[in-house]
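Should a chain be cited, it is by its letter among A, B, C, D and E, assigned in written order, with residues numbered from 1 in that chain.
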Amino acid sequence: MSQLGRRKFLLYSSTGVLASLLLKGCADAGGGDTAANTEAATTETAAADGIKVGILHSLSGTMAISETTVVDAEMMAIDEINAAGGLLGKQIIPIQEDGASDWSTFAEKAAKLIDQDKVVTVFGCWTSASRKAVLPVFESKNHMLWYPVQYEGQECSKNVFYTGAAPNQQIEPAVDWLLENKGKEFFLVGSDYVFPRTANTVIKEQLAANGGTVVGEDYLPLGDTEVTSIITKIRVALPDGGVIFNSLNGDTNVAFFKQMQGAGLSPEQYPVMSVSVAEEEVKQIGPEYLQGHYAAWNYFQTVESPQNDKFVTAFKSKYGEDRVTNDPMEAAYIMVYLWKQAVEQAGTTDLEPVRAAAVGQKFAAPEGQVTMQPNHHISKTVRIGEVREDGLFDIVWSTEGPLEPVPWNQYVKETKGFACDWTDPNKGGKYKAA
Amino acid sequence: MNNETGIAIKKKQQRNKLIETGTIIALVIIFAVILPAVIPAFRLRLIGRFLSLAIVALGIDLIWGYTGLLSLGHGIFFALGGYALAMHLNLQLPEGQLPEFFTLYGVEELPWVWQPFYSFPLTILALIIIPGIVAGLIGYLVFRNRIKGVYFSILTQAALLVFFNFFNGQQEIINGTNGLKTDTERIFGVLVSSPGVQRAFYIVTVISLILIYLLCRWLTSGRFGRLLKAIRDDETRVRFSGYDPTGYKVLVFAISGAIAGIAGALYTVQTGIITPSIMQVAFSIEMVIWVAVGGRGTLIGAIIGTMLVRLAQTFLSESFPEIWLFFQGALFLIVVTVLPDGIVGWWTSYGWHKSRSLLGLQPKLATYPSLVEDPELQQERETIAKK
Amino acid sequence: MSKILEIEDLTVSFDGFKALNNLNFSLDAGELRVIIGPNGAGKTTFLDVITGKVQPTKGRVLFKGKNLKKIPEYKIARMGIGRKFQTPRVYLNLTVRENLDLVCNRNKNVFPTLFGHANNSEKRTVGGLLETIGLDSKANLQANLLSHGEKQRLEIGMLVAQSPDLLLVDEPAAGLTDEETENVGALLLSLAQSHSIVAIEHDMEFVRQIATDKVTVLHQGALLCEGKMDQVQNDPRVIEVYLGETPE
Amino acid sequence: MVITESIISDRQSTDLMLQVSNLNVYYGESHILRNVDLSIPAGQMVCLIGRNGVGKTTLLKTIMGLLSPRTGNIFFGDRSITKLTPDRRAKSGIGYVPQGREIIPRVSVKDNLILGLEAKPEGRKSQESIPEEIFELFPVLKTMLSRMGGDLSGGQQQQLAIARALMGKPRLLVLDEPTEGIQPSIILEIEAAVKRIIAETGISVLLVEQHLHFVRQADRYYAMQKGGIVASGSTAELTQEVIQQFLAV
Amino acid sequence: MSTLIEGLFNGISIGSVLLIAALGLAIVFGLMGVINLAHGELMMLGAYATFVVQNVFKPLGEPWFSFYIIAAIPVAFIVSAIFGLILERGAIRFLYGRPLETLLATWGVSLILQQFVRSVNWLLIICLGIFCLLFFGGMQLLKSRADWESMRTKIVSLLLPLAAGVAIAFYFLLSQNSALTNAWFSARNVDVTAPAWLRGGVEVLGFQMPYARLFIIALTILCLMGVYWFLQRSAWGLRIRSVTQNRTMSSCLGIPTAKVDALTFALGSGLAGIAGCAVSLLGSVGPNTGQNYIIDTFMVVVVGGVGNLLGAVIAALGIGILNYLIGSGTLALFLTTISAPQSMIDFFLFFATSSMAKVMVFALIIIFLQIKPAGLFPQKGRTAEL
């Protein structure tokens, strides 16, 4: 009998808990003002004839850490546009879906956004893997994705607009700068997935062409926190110091920098150039460990421009003084504006006209002037920053002006000489340039 | 207890059987005929995916529900099947051309493991055989030492992690984290993502589910199935009856692995991509909860459980992404503590109460070392320890 | 008469404790032997060694002249040794008939079991056994619905279904009512016509019922005495062990 | 044969240390104890006899709370303990010396003894030492304090088990076959110790025993067969016939 | 020589992280036979506790801040131990003897804990508090009634929705207040920065031993000694050992076994908390922190054998050293120096990355288990129907 009592008790208590959770969910959706929860609120209040756009990022799982920041930036841009009267006289209605850090979920949710919600465009993805996963969906449905993160290149889809850096707008200049200023011997460290692997393939070719050498490389599983063996390898390969090129992602960076410092690999002797460490990550790792190391980006919070001041101020006042802005957030922010301008120019949200109008759009972004190129990538300014004590970056080097994007890598044999141009029906995604 | 009750029970069993058959036919009609007609294509694709997950749940029920082996590593076999088919689809290219992703890593020659996948029949064979063999091998190495219970679970979980790392790390062979996509590939010359092909896959999934259900029914109903239950309930006794449980466990684990392989292949083509993330620890444990929710050792429960949990997940994570983990966690707790026999078990024990009243009130063991104090078990342990 | 079971100098120790100590024992084919002894005399370990569950520390066990060392349990079972456990161990989630059928299976390898069906002779055996153990009316009942005595009988039936040459029976009367005990006794006696049997038992009434041949008394892992029931009953060593003193 | 009822009825319930009435215990489907009634007067030693497997140990385990009866009541003093957990029963004053001694094997003799203090109603104090009386009763233990419990011989373990039970100052000592598998010389020591304990502390004892010599030390006996009490009386009346029927081979 | 020492040190430092993470697990598994898949999440809670302590100490400034880590250790222990206690009392105690169910239940708990640190805010805490106050308080009040036993089910079924309803109502009432609904930690990683004296390292024989590693090694040794002392010398330790070795007899001696269970589990959980504090010095602190350790630590327990601390120590160090030797390529290098066959060198070079080293180590574990299926120090409770 007491057995039964306990069962019932548990049953009731669990239903109770579930009910409360469900209600909490509703309450969140109704009252919360964080990015993750605005969807329902906006949907309810907006006019029925608003413009629906999809926002597809991981709100849960490992990638949620990074992707929610991008969502914040996208929501800020949308709110700004809506506050300024909307687009074509209508409000923009963002519909959020959670990719849950799982690539097949991304594909599933992309299809849902397009087929069921009938969004006019999707802003989304962070990892290359998630982009690659949704790519077939967008291509087969001939829909439109805006992608805000720097990536490894070697891709040029008609259905994607890339507002993050192509390798030649981040990795290549960084390597050149290191060769010139820091040394010829490189050790490559990366997370065990596609971006670091591809990036390092590119770097190896580039170094071979420009007189540098790769003395070693190693990859860590995503989320791994034991980097002792890598540090040993670095010390064996570079006994007297040298350059470390770091494309580690997420949590592993924390372990890497903490343990680098513990092992006495100082930034003077072993400068680390990171391509996935921005302000947000510096905050999470702790600037104490990073001070003196470098990162290559198109945007830093410390960029001095009126647009950036406005962006940073707006962001902080919306999400809190302790928040920082970073490159992917800025790219996410500007892609919403680029799309908005394209829609305004096309005068419609229909896919083809917008796609055509998008090319050539200019925007005075926080990082400086950006222009959407015929290859669906944007021209961007490249910067190299050194981590300061306060966790922000001193910009130690930058290009004169925006650099043209080159999606097909010119150091790699297979893609050398190829280019991409979606404005010319004869050229398309991959053609042999003259 | 007299003869009459025996007959009554037999009648009840017949009635149960009738109900089961009825349910299955109804489900088949709903899923194979009605749903494709009324549901939008992408929702149908979703259902198709759930159904392929139900297939792997059947495999788990076979080993967990009937044989008492809790595998937390079924993601391995699921992924192997998925990769096999995806590799075939990725090879539907003009002569001499390599799948596109190879160029990212400067690979110029097709790795040898890809060669057999040019052939469609070989691929179909491989997606069943390879997971089966891998499962059999893992099973053999574990079972022959009489490692069982949680040790088996932990080892399968570790194996899963190893496979995950391996697949993630092998960019040059199978594209690492990015995995293989299938939507833009062609099968028999038609685009995989086209509605016709997808519908065909859906129908194939429904048919496979039925066939595998029947296979599992067959496996679990005859002498073999009774032996599985016997192994689950009292392995030592089985040994003293002259059977060698190792062989049976290896075989049933291999079959379960092969079933997972089929499920993985069907899931992959209806998802459009297969990546190592399918081998994440969480996903494989989730498979177990589908079976647990439905009711282990019932087969039909595995299917019901999968559908319900996945639907709940889709609904909840669409509406409140934050809630899903809470919900899922609670589900594990509830199923284990309040509903140990799942929905089907609850239904049969209360719905047909008295006939199986014992099922729902599984006596809880008073204390954990009561196992240790069982002299039979103790001596067995000591023997094993001595080896 | 040939020896079906011979045990020579058998010692089994667990962590230094000698459960069996230089035990010598032999059993004629066709004999029914009852083993008695106070608690902790090593009776159950004795069965464990014969069935391969426990490996001897020293000494050897010969079954039909073959040394059983390092032979796995299932092979020993196939050689013709069947064992009934102290508490009945039947498969609770199977019906009575299924329980018997499972053991009755002639070829116990994986694939024959998977593809094979019970042939007519096996079906007949099962039917006959159901009658022998008096459970034919409950053949389709799940074993967990049986009473304790019925389970005991079922397990003995399963033993027989295995058609072993040697039956090892551990306390078949434990927890049974008088009537059930008598039934089981009669069952064992009838089985003794065609099998060699070793039975371990405490219940003296029961022992008297079935001990038609010799009785063996174990004490502290060794053989104390052996003989007909009335011999054993009056053996001063046995009385000493059981009562702690010689009766005045 | 059933003469128990009269015994219970003609005693005042107040001076009964333990009273068990109408106890029925099952192992699964198997009916182990059938309608058992038994009582132990305060300050007396009661012996339970019967062959192996008749349910004596089961009865003791039920009294200790290790098994729960399907029906029946157990009164300790004037309080029902039927629903208490074993540790509460121990704390209320029952010291248990189980069959097979159940010494904690990988714990030293001293610690085994100290564990006996757990049963004191007020609980164990941090720095409590072992009273000398224990060593007076069982001198052999004093020399073995640092040995592991599992390394002792059977007889030493038995002495340790009794000593451990006494550490908690129980009002009732429950002994399950204290002479089983032990050399005759030590049996006598144990017997003497038990007698001395009764004499010095006035404790009640429930003893399960096979050895006639020991059985005769008791005030009363109960004989069990097939899970039920079939005879009882004063040990002085323990006839050869009864012994032959319930104890001998 | 220095390579040897370096290899040894690095192996030991990897092993000590494994060991400190596995210690609590080994205790809970070894003493209670409970598989706790939420162990990683209890570590995570410890890491978050460290983070909170760090932030409490921050305003105090130097020199106080430097010692926050010392204060964090007991706090982490207590926080995790309390959660462990709740877990044991709330779920696990119903599941003793059913290890597979325990495994699933604790996995569920681990999911809940992960989401809990993501979403926890004042409002959630307040509402949980209200619920507990109403529900458990009400139960306590009503317990004194004479007909409690018979009314129990009814009371529970009445009180539960009532309490839940009030709590939810409160939630709605207060959910507009953003000060209450701000998540404490959010899904993002938080930064735990080692105090200055734990950054950097000491130079020995040409390579640097990181202070943080030395600290963890010392902490591991301390924990081992502490656990050893607790189990061998303290009153509750004696009770725990007694219950583990002979549960029924222990209860007959008057030891409250349920309390011992709860305490043992709390101890194991608390050790997980300390481990969480330790690993926060090396890696990231986020909702997923625990997941990274769980399988490695289980391997330590499986290899070490259950219920024997020495086994866990040897297994952790062994796995750590192997992992290092294979992963860093030291082994391949060594083979080159003794001019081993090229194929062998190539073989080890193939595994000389961090990902592949794990593959190799697992293969070795499987091989090891073929020889010793019950681990290094088998004890009863192994390979059997746990």
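Going forward, a contact is a pair of C-beta atoms (placed from the backbone, for glycine too) under 8 Å apart; a residue touches a chain by one contact, two chains touch by 3 or more.
Worth saying up front: this structure is predicted, and the values here are computed from it rather than measured.
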**Item:** Graph distance between chain C and chain E, where chains that touch are linked
**Value:** 2
**Asked** Where the contacts of chain B and chain D overlap, which chains show up?
**Response** C, E
**Request:** Identify the chain whose mean C-alpha position lies nearest to the mean of all protein C-alpha atoms shown.
**Result:** E
**Request:** Sort the other chains by how far their Cα centres are from that of chain C and give me the top one.
**Result:** A
**Request:** Could you please state the distance in Å, as a whole number, between where the Cα atoms of chain D are centred and where those of chain E are centred?
**Result:** 43
**Asked** So, what's the distance in Å between the C-alpha centres of chain C and chain B?
**Response** 41
**Message:** Distance between chain C and chain D based on Cα centroids, please, to the nearest Å.
**Reply:** 33
**Request:** Please work out the Cα centroid separation of chain A and chain D, and write it as a whole number of Å.
**Result:** 75
**Fill in**
Two or more other chains are touched by the chain B residues 165, 168-169, 322, 325-326, 330, 333, 337, 364, 380, 382
**Complete:** By the touch definition above, chain E meets two or more other chains at residues 94, 118, 246, 248, 257, 291, 353, 355, 358
**Item:** Contacts with 2+ other chains: residues of chain A
**Value:** 4, 17, 24, 28, 59-60, 192, 219, 221
**Complete:** The chain pairs that touch are A-B, A-E, B-C, B-E, C-D, D-E
**Asked** In their shared complex, at which residues does chain E touch chain D?
**Response** 235, 238-239, 241-242, 245-246, 248-258
**Prompt:** What residues on chain C touch chain D, complex-wise?
**Reply:** 15, 36, 38-40, 87, 146-148, 151, 171, 174-178, 202-204, 217, 220, 232-233, 238-239, 242-245, 247
**Asked** Any idea which chain A residues touch chain E in the complex?
**Response** 4-6, 8-9, 12-13, 16-17, 19-20, 23-24, 27-28, 30-33, 59-60, 62, 64-65, 68-69, 192, 218-221, 223-230, 232-233, 235-236, 250-255, 258-259, 261-264, 280, 283-286, 288-289
**Item:** In the complex, chain D residues that touch chain C
**Value:** 27-32, 51-54, 99-100, 150, 177, 179-181, 184, 187, 210-214, 226, 240, 243, 247-249
**Contact footprint of chain E on chain D as seen in their complex** = 64-66, 85-87, 89-91, 96, 98, 102, 104-107, 111, 114-116, 118-120, 124, 126, 164, 168
